[in-house]
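Dropping a structure here in structure tokens format, bear with me for questions.
Chain lettering (A, B, C and D) follows the sequence in which the chains are written, and residue indices restart at 1 in each chain.
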Amino acid sequence: MSLKNNLVVMLLFSAIVLSAPWWLAPIGANYPDLLQKFAIFGLFAIGFNILFGLTGYLSFGHAAFLGVGSYTAVWSFKLLTMNVIPAVILGTLVSGVFALLIGWLSLRRSGIYFSILTLAFAQMSYSLAYSVLTPITNGETGLQLSQQDPRVLDAMAGIVPTEGLPTTNLFGMPMSGYSGFYFCAVLLIIGFWVTLKIFRSPYGLKLTAIKSNTMRMKYTGFNTRPYLLSAFVISGMFAGLAGSLMAVTDPLAGAERMQWTASGEVVLMTILGGAGTLIGPLLGVGIIKYFENIFSALNDSALRAAYDFLPAGLADFLTTVTSPFVGEGWHLTLGLLFMLVVIFLPGGVMQGISLISRFLRRRLGMAGESGGAS
Amino acid sequence: MDAILIQILNGLDKGGAYALIALGLTLAFGTLGIVNFAHGALFMLGAFGAVSVQQLLTISKRVKDESITFFDAYKEIPYLEIWWGDTGRMIIDYAVPISILFVIPFMLLIGVLMERGLIKHFYKRTHADQILVTFGLAIVLQELVKAYFGANPIPTPAPAVVSGSAPVGAFFGLGEDLVYPWWRLIYLLASGLIIFAVFAFLKFTTFGMVVRAGMADRETVGLLGINVQRRFTIVFGLAAVVAGVAGALYAPILPPDYHMGMDFLVLSFVVVVVGGMGSLEGAVAAGFLLGILQSFASMNEVKSIIPGIDQIIIYLVAVVILLVRPRGLMGREGVMED
Amino acid sequence: MSPILDIDNVSKTFGGLHALSDVNLKVEEGETHAIIGPNGAGKSTLLNCCIGRLEPDTGSVTFNGRNMVGMEPWDINHAGMVRVFQTPEIFPDLNLLENVMIPALAKRDGTFRFNPFRSLARETEIRDRAMSALADVSLDRFWNHHAGSISRGDKRRLELAMGLVQEPKLLLLDEPTAGMARLDTNRTIDLLKQIKESGMTKVIIEHDMHVVFSLADRISVLAQGRIIASGTPDEIRNSPKVKEAYLGESEDE
Amino acid sequence: MTKKDTTNSGRRGFLKATAATGVAASAPMFFIKDGHAAAHGGMNFRNNPGKAKSIKLGFNVPQTGAYADEGADELRAFKLAVKHLNGEGDGGMLNTMKPLALKGNGVLGKKVEYVTGDTQTKSDAARASAKRMIEKDGVLMISGGSSSGVAIAVQGLCQEMGVIFMAGLTHSNDTTGKDCRRYGFRHFFNAYMSGRALGPVLKKEYGTDRKAYHLTADYTWGWTQEESIKQTTEELGWKTVKTVRTPVGAGDFSQYITPVLNSGADVLILNHYGKDMINSLTQAVQFGLKDKMVNGKQFEIIVPLFSRLMAQGAGDAIKGILGTTNWNWQLKDAGSQAFVKSFGAEYGFPPSQAAHTCYVQTLLYADACQRAGTFYPPEVIKALEGFNFDGMGNGPTEYRAEDHQCFKDVLVVRGNPNPTSQFDLLQVEQIVPRKQVEYPPTQFGCKLGPYKV
């Protein structure tokens, strides 16, 4: 039983993910939409981590691939079938092709120049999707299903159109609610397995070496471009998969998904949790999505109720003190959290966890030095 | 012809704002090696400096408004007006120019505090860490502003004398139609002056020479036994002042809201990179260049040929420059590669 | 037999400065060829021109019958010419074993190989080879230490192991003992002597005359961007020209 | 807290759901909240309060981003509405609404509670927030919002999930046009009505021989408004010199405004909203457009959609500018006065039009439930469809059954040249009667979809 063993890791991980609806219940985060978001953004972040965490190339344009995945999936629902399998496959592939194109150009540069190039490409995609490309994207309103869509595969299979809008399904099983979460969760587990394999492969080692010393890699006999490009495309495909899953659980795609702030969000998630670690990005996703969905909804009365067990005076005081940080002030809390984490824990939450566990191990007098955190 | 002239004016004006923000960003990056994502927030703080002065000057007495009967409504009459009549009204009218006097020391203080309190701990950290911590700071600053001033833009007009338009066309002999707002001309002039002042300061004072030497080679200057640290603190303060003044002067053009810094942030980073990381001249040149290009791309004649070009022109230019000439217009080779 | 490395009429200028002027140098297969010369003579520039870090203005660098000028650094590496850097160019975030596994993988995988699903744990052959290369430089005990945290001398030896594990046809050593303690220097000399017996061709740039004379079969002297003398250690030792240009000065240092 | 009760009733729903679909047969117990229950006939539906003593409504408003102030005002109105529904406070419009089924003791005897969420003015965030309210908090109805994109996105979601959506501020023709939904209702007016209402006033004020230049926000709402206004003005005999699309959030509009100067146009129409409108109007005035004479006529600027909060942001620039609005706090009818009075007493300043529409929507929903005698959405929808009411600040109003659009009088307003306070920014120029802004329900391609989902 060691975490070095892939099977052990995967069993543990699957158990944790699949049981999320139980253990997230006490903190009110076990409703389907948030669970889906955890899984979807989890995929987005672990994919992003393959590029940023391993090679150190900081892309500020990954939201573009997310958006392309979403649009592709919705088009698949409109033109082909409401079954999610083609949507997910097409979304991932089309994003991969798009990533190949942008990566091929952007990877001619490194450092902040690379970041700005990816940012520029993503912003162009966003602006065009919002305006000129409206026939494809339906602009600000977002691409939606309609009664009149052809859905040729469904028609061929003899599926009778419903009176209302059809729902996405996996061979008849509806993809909203908890079943949608489990679909996303299974894909997250597969995605995690892929990243685990990559992290523990010679290919992954080479990517880490590129981050450590790109120049040396070249003189050691490696052409770094194809390595970077393949990592870029893989992470772009993860983003596309995440985007198509967003469409699977909620068949609508909007341009704002491609905006630079959305790219920034995945960067923040990854760094907050711990870039380059296997589960750090997932922790980052959990924290940020929890803030966005739960903290933002707390209002004074909810706070007051939470402090109910305290004496009235103290409860009132605490309500007054904490209320600027929740509800509409959740951005403020998030900003402060970033600052605190970056100042005190540059390795993200994962560094905090390893510090605590090391401290505990020392306190408990246990032997065994962990070989230096990276 | 006059359409082109006026678009050049527009471009220069826009470029002035870009250049000022990019200048401060480059100062901080070139001297301290800090990628400051909170720089847009400093611009925003400057604009709200103007708003605050205006609000201070218009602190009002609440007088019951008798015309509204079905609930208690109040009219607001500024004390300055009550005390000094027309003189008071004139002082209120000049809120924005007056605010500059307050914004300069205020922003210097903010800049120095920020450098001493936060930035200096991040010199040795990665750029990603710097980006994240300053981004966090930017969010905190703008949320604080929002909590106090609200999210709605706040009108901050220029003095009445210069609220109209200047007959530029008549001046150049190009017809009456060609007018340009006085305040924008003043902004253009002011941005030119600030840029000139910054360059003169760096070029002709010993202080500036040390800073420039530090930008070229930080370690060597440190070895000379000069207290580079303190000078760099002041440089950071200077960058904050430039951003703040740019923001305060911009307030009459764009009614300030808490988010205006973020709107400028990405753009100004693109400007800095196009100009060349760490090159002050490049930042200024790129600011004006992109401003003018953006103005021309917005012309109907251009848009009818390439639809949507006005939305993407800046990014398109950035992509082309970075692919063809990665060090930017005037940057040194190899800065911040890897 | 033609030389394994043939540097022919190579010149390189930086701005107005002539770093290399018409350098001609032939290295025979199996020999250990030392290049010496005062600081700024152009030794590192010459190495950089060989491995593709710099492109000479004129002339050609022929290695194993192929012109290397204009080739990508990774292709030069795979042609069999490998450089050990003067300032340690290691992977500071990886451990020592991984540092050596990387070049070993390069040897096996070529310039690019996409094998994301292969398990690193099953790369026993690569691991063993890397471990034995580490053992050669006596660093095997520290295999799981972070490369960024070891001493400068150890980094130099790690560099050496990274070069050796690729079993190149020609190893370019840029001051392999600089920064090492006397004891380590001697150990390194012994190691390099061992390698010599294996028949690997080496070009060594070195300041330390003790190292040069204990290893080199032939020596070339570079001064102000020109080769001023070339010959056996004895010939060089006795050359008045060399004494004047180089040795005299260096003894004053 | 009522959470327990909702969960219990949901659990019963789950049992039926399992039996019927079989899909969830092997599913764990928490599938209960999945709400397959809604798929069944009879009185079983999503978030059925059952025997609970209270119901929950979801108020989804922008709390961050450019419309946060409007969102905050909407939230104030919602809280006030909940108070009045529960019989607290002075009752507000409950005193003036006709007909009225509500009794001031909650809805159908159940106390009204609410949850809030942040739309961030982004479709994704708004839908996520709405889903949270539906899936976690168990709300029966969602209301709020301050942009058409968000309204359409949330409306679509509500249809899928079988929860009624009472739209907040949304002005696009599409909301009750091609993107209309059976579960979505809009009290606010739309771009077409703005055009129709402005027409006669423009004719009276500026004549029939005008040349108009449009600056239009480059997204769906901007386009529909441009189309509607263009249609109206061209019917008056005006010429359209040019329509120019501007990027959303452009900030500096100077490069779009300068070409207006010598285009020969004598009217500038700004199809912008929010921050864009504040900036483009401020800058157009700085370029001297308000004082300009073209073709021997005074140059005019028109902003078809106005709000008081925007007017506040634009400052002096708004003075004398014509536009339309859904409602204004200075209206003298009993409903408006009752609402302004209780809002003013509660918060110390008058409500915005966004607050008004949200307040009215909440009351209308509650009243419809009361009249239907159930919270079962299809019945509530039927109670709202074709409902005629008065005393809510807009005169006699009808919720048209065919497209769920409210038809009522529209206000043409002018920026007040001499405001006496910071709230006294708009003057009501004319109350355009409802007849004049009506259009056939098929005009914007509305197909409502099914009652049962």
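Note that a residue touches a chain if its C-beta (ideal position, glycine included) is under 8 Å from a C-beta of that chain, and two chains touch if they have at least 3 such contacts.
Please read all numbers here as calculations on a predicted model, not as lab measurements.
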TODO: Please give the intersection of the contact partners of chain A with those of chain C.
DONE: none
Task: Label of the chain whose CA centroid is most distant from the centroid of chain D - done: C
- [ ] Please indicate the chain closest to the centre of the assembly, with centres calculated from CA atoms only.
- [x] A
Task: Whole-Å gap separating chain C and chain D, where each centre is the average of the chain's CA atoms - done: 74
Open item on the list: For chain A versus chain B, what separation do you get between their C-alpha means, in angstrom?
Closed with: 34
- [ ] Take the average of all CA coordinates in chain B, do the same for chain C, and state the distance between these two points in whole angstrom.
- [x] 52
Open item on the list: Rounded to a whole Å, what is the gap between the Cα centroids of chain A and chain D?
Closed with: 33
- [ ] Among the residues of chain B, pick out those that touch two or more other chains and give their numbers.
- [x] 311
TODO: Pull out every residue in chain C that's touching 2 or more other chains.
DONE: none
Open item on the list: Among all residues of chain A, which ones touch two or more of the remaining chains?
Closed with: 127, 130-131, 215, 331
- [ ] Pull out all the chain pairs that touch, please.
- [x] A-B, A-C, A-D, B-D
- [ ] Note which residues of chain B are touching chain A in the complex, please.
- [x] 35, 118, 121, 125-129, 132-133, 135-140, 143-144, 147, 266, 269-270, 273, 277, 307-308, 311-312, 315-316, 318-319, 322-323, 326, 336-338
- [ ] Over in the complex, which chain B residues touch chain D? Could you list them?
- [x] 2-3, 6-7, 10-11, 13-14, 17, 65, 67, 70-76, 146, 150-155, 157, 163-165, 175, 177-181, 183-184, 252-255, 257, 259-260, 263-264, 294-295, 298-300, 303, 310-311
Task: Contacting residues of chain A [partner chain D, same complex] - done: 21-22, 25, 28, 30-34, 37, 127, 130-131, 134, 138-142, 144, 147, 163-165, 167, 173-174, 176-179, 246, 250, 252, 254, 256-257, 292-294, 296-297, 299, 305, 327-328, 330-331
Open item on the list: Can you tell me which positions in chain C touch chain A when the two form their complex?
Closed with: 51, 53, 72-74, 77-78, 82-83, 85, 89-95, 98, 101-103, 105-107, 109-121, 123, 126, 144-146, 149, 162, 166
- [ ] Can you check the complex and tell me which residues of chain A touch chain C?
- [x] 4, 6, 194, 197-198, 200-206, 208-209, 211-213, 215-223, 226-227, 230, 234, 371-372, 374
